[in-house]
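A, B, C, D, E and F label the chains in the order they appear, each numbered from 1.
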């Protein structure tokens, strides 16, 4: 069994499904330990449906979204940890940052997936991306919970695709082939019953990114997930 | 023997040495067939030294630069083809484009290295980069010298580092570890006797890119070459 | 009477006069209900004059600016609400955000006017723009003060022109013809007695934006106000 | 009958179908005279299929593409004029520029549709966009074929969506609702038999742009076409 | 008498007056030899007025603009050389480039003023800027008309302000105080009788750039000219 | 003795040495009063070495870094003031902002040096740059600690070079010649014993910036420091 792991830092439950569900399922299948840090339950912004029920309480809505998120994570093969950091707006605390730093050090992930750096439609997304990066940096610091025996190296960061990529100045430089896990990703969509209008939208996104992935390499790809790698890649060979 | 190949499209002889000498030597060592398309002899802009000789002719200067370029290419392990397309300014013709298209089809390179897209200090550089890209694109066209049996897929493009990277809006996203061929690259510098003032400059560039390569990955690197990959990468795994 | 409305979110009183006075007066004249959310009184940064009076207190300065702002709003035909969020620096609280969300929901504005996203001369401006956008987004959230009967749709956002547009990366894509309300805007300038040095400056800005507005369309315009529309426009016809 | 018109300047036949077919059909239906300036037949780059036929000649391929383009233009309700300016690479001449200037003056279009300003996958596209803009500008010049009685005003320019928008730095700011002509656009796809692999791709693009169009306005839209308006819009009202 | 000089490379006669008239007059007054390379007579694009005269010929229009340009240059204190490179569109030849290179070498200017790098309203402007830069670079080349005794160092480049700065991605980083020559610049405006509509426009530009110049430094300035310096400045002291 | 002064706002002690040590020493030598506002001791991020000592306390680490920073400041000729604002992450308070505003007013610096506006490797750096700018702006405000006799004018801001300039979108437009103080800067490196791996790195940076400084001006320079000037410069002469 591989001891590699991958970390996903997401503002809301829907995000890890639509934007990174393929990467999660694919690496889980390859034996990576996949961990999702889910900052909010999406209890205010993603839950229009739930709020239509007369007299529903915030705790009920949160519980519903939590159950969905757990089911989706399980299906994709990931462990999920909730931070309950607020939704619309997301307001991370120092304690949340602290816990996320610990996760980086515990998991020593081989890569981190998070939101685009800008999103004029949803300010929770850049807040999550900022937190993911800040924790990644502080985790390097020798003087934060010092332990001279610790080894930690900041992992590469990949931004996943926002809803309207051009408006977020998202420029993909990586397309992940998710053909072998597509069916799992699609099943995870269907757990998000309240956002049924997005199932077909993100199926089309996956198909069009697949065409682009094939066109950029000459190798066939049906379903793709687009990412923007943030830091330079060190290579031993260019092809 | 590997049948893979790599193509370098360069405006002047110095460029392939300073900017891509490590990649050429490294891939040659790995068994790639490395081919340099050298658009001009650098007979006007890079040859201050030669022109100090009283009565020297253009043909003599070209011959001198050609000899240097051939020696450097040989040392690095590459084949070189000259296009004599003019220098300061470089003015490619349709015939030169046509020949470069043929080279793409003959070599089917696994990658192409060329200049940054902008360079306010040297307009020959973006002209070369444009030509390299145009030939890469036209080579895909079924109706250019049609041959239904031909297989060709446009290779990834890497821009090599210009002299003043920030002024050229060059943003490296790839750092190639050239430790195992550094000595060869440095020897190639010394063939360029007229540009002795740049030997140490580009040694320092290689050392500092090496530090950055190590810092971005946690894996040690002493000498690096920085590149900007131009098209999205299709991947099967993120780490 | 029109039931349409427009919302202006401004850091300081001067801003809504110099930058959006034409739009306010024009839409008020067309029957829009115009509402100004004025985050601070500009009591520290815009009030050099007031502070020259020996022994003047903060409350006196605020009262003076408030009176000016009310007079200007009235002249332009708008209602104004003050938030007293601090000036130099502006520090919005969660309560201020909450009230602004309520305003979006109450007014259901057809458009929002606010500051440019960057301003290296005045950090209160991007803070105001961020707040205006965050409130606009949270107002969409079903779970914020839930009410299933509520209808709300996030309005288009227009950024008004900063003092030094190029330094703020402000790129106007909309020029509003304010010819028919120019005299009112100019009168509003004169209410801002302490900033007399800007009356002619912003008269010239209006005239030059007018020339540009005419040049971009072929239709005459004398006085213009420049805006940067932030989100895509959905159209039924291109001309 | 309306006397308004619209002009489309396209490098290849496929482009006006995939990228602007909705706008053409929609405005034709509204009574606009729609004119397509088709710079090449796409005889080399878009015609892989045709070149698979043994012994086929360039003239036969061109004739085939021309017939397809005429059929598609007719279906969409547009007149088409061919320039035969070469393909892969497109090389416009001064005579072509001159004819295009005449078209601007004859048609006095209310809008112009053309390619994105950058396209690293296809250099013919920015060449066409540049030509469309240069002709638009020169048409304004009093001294080009002088005629003091002439009235001409440079129309707004909309860039249509390239194949991989983010790689072309294409940022849509306009989404045209093409619901009422979608069936016609889709039928036009099917005339392009050789590019069957793109039918579904561009159907998905239209559906996803439709979702985005609705999301940016709150008004429902099923099929959209994305455009980037290039010059500021002069308005009399913001909503 | 100073032996310093300055060079202005301009597409059309109007440009050196509106955009650089202050710098020309100011440096002339300081004793600089000021040289204007005027690439076209503006005989097609800037001469609407002239073409209204029935039966006027191209040669008459050119002669009229030439006379105006000479008068304006003389008033500002500069020498002017015409290149007659065409107008709308400007099409420089290799001979024009060659002459411009000679001028750089003859004048050894301390600075060069030319157009912004982009201008979607006027493609002659970036063509002129490109030519100015290409000549500046080739003039450095030892092998162009070799002469080992020659000393030449490429001068700093300042881009002058286009008509609609934000649309040209023009970002001023230098504001020249032209107070002491303003009256001369204004008089030069009045030589351009056909463009009377621009006299007040560019007076307002000068006044507003003056306000900005004062605001960025705390030192009073009434009339300013904005420039974008293109290359890094080497300094011995920061203040 | 000059009464001019310069201010340096730095996140960590290392930064003022590597990035601005030359400017500090140079201006100190010219008689400027140089003041360093050192926001943190770098006690967590820059002190790997110190934390390897078993049982070391935070206070001991801070004291060690403070001693080093004081020694380096003294050697460079500057006064240093510590803010102890936290490290990894840096979290400035309103009290720290207030003190920094006072410093601007006390020092009336002729220039300010601070960090680049972005740094994905170290979020403390943009936080420091933001604070430096906010204090500079608020210091202008008449209503902050009002005193009608006060004279203060916001000084020019220069961003110093980050560790990986292209990744921080740092674009140098100023290269300071530090030849005459190089030895002092190099000695200051050696005070930072824990970061010995950076001594040679930043020596190479200085040498390469020196080459670039010479190349941009034709005047020789051996050691340079690169800066990005943030606001327009008002000039009386262009050369």
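The rule we apply is simple: a residue touches a chain if its C-beta (ideal position, glycine included) is under 8 Å from a C-beta of that chain, and two chains touch if they have at least 3 such contacts.
By chain, UniProt protein names: A, B, C, D, E, F = PIG-L family deacetylase.
What you see is a predicted model; the values in this text were computed from it and never measured.
S.K.: Minimal path length between chain B and chain C through chains that touch?
M.R.: When the steps are counted carefully, the minimum from chain B to chain C is 2.
S.K.: Please flag the chain sitting at the greatest distance from chain D, going by CA centroids.
M.R.: If we average the C-alpha coordinates per chain, F ends up farthest from chain D.
S.K.: Just grab the chain with the largest centre-to-centre distance to chain B, centres being mean Cα coordinates.
M.R.: C
S.K.: If you match contact pairs by residue number, which of B-F, A-C or A-B shares over half of them with C-D?
M.R.: Copy of the C-D interface among the listed pairs: A-B.
S.K.: Take the average of all CA coordinates in chain D, do the same for chain E, and state the distance between these two points in whole angstrom.
M.R.: 37
S.K.: Distance from the CA centroid of chain A to that of chain E, rounded to the nearest Å?
M.R.: The computed centroid separation for chain A versus chain E comes out at 53 Å.
S.K.: Any idea how many Å lie between the Cα centroids of chain E and chain F?
M.R.: Once rounded, the distance between the two centres reads 38 Å.
S.K.: What are the residue numbers in chain A that touch two or more other chains?
M.R.: 121, 167, 172, 212, 231-232
S.K.: For this structure, enumerate the chain pairs that meet the touch criterion.
M.R.: A-B, A-C, A-D, A-F, B-D, B-E, B-F, C-D, C-E, C-F, D-E, E-F
S.K.: Can you list the chain D residues touching chain A in their complex?
M.R.: On the chain D side, the touching residues are 121, 163-167, 170-172, 197, 200-201, 204-205, 207-208, 211-212, 215.
S.K.: Please give the residue numbers of chain F that touch chain A in the complex, ascending.
M.R.: Going through chain F, the ones touching chain A are 43-45, 47-48, 50-52, 54, 56, 58, 61, 87-89, 120-123, 167.
S.K.: Inside the complex, what are the residues of chain B that reach chain D?
M.R.: Chain B residues touching chain D: 97, 130, 133-134, 137-138, 140-144, 146, 148, 230-232.
S.K.: Flag every residue of chain F that touches chain E in the complex, lowest number first.
M.R.: Those in contact with chain E are residues 4, 6, 23, 26-27, 30, 110-111, 113, 153-156, 158, 172-177, 212-214, 216-219, 221, 224, 226-227, 229, 231-239.
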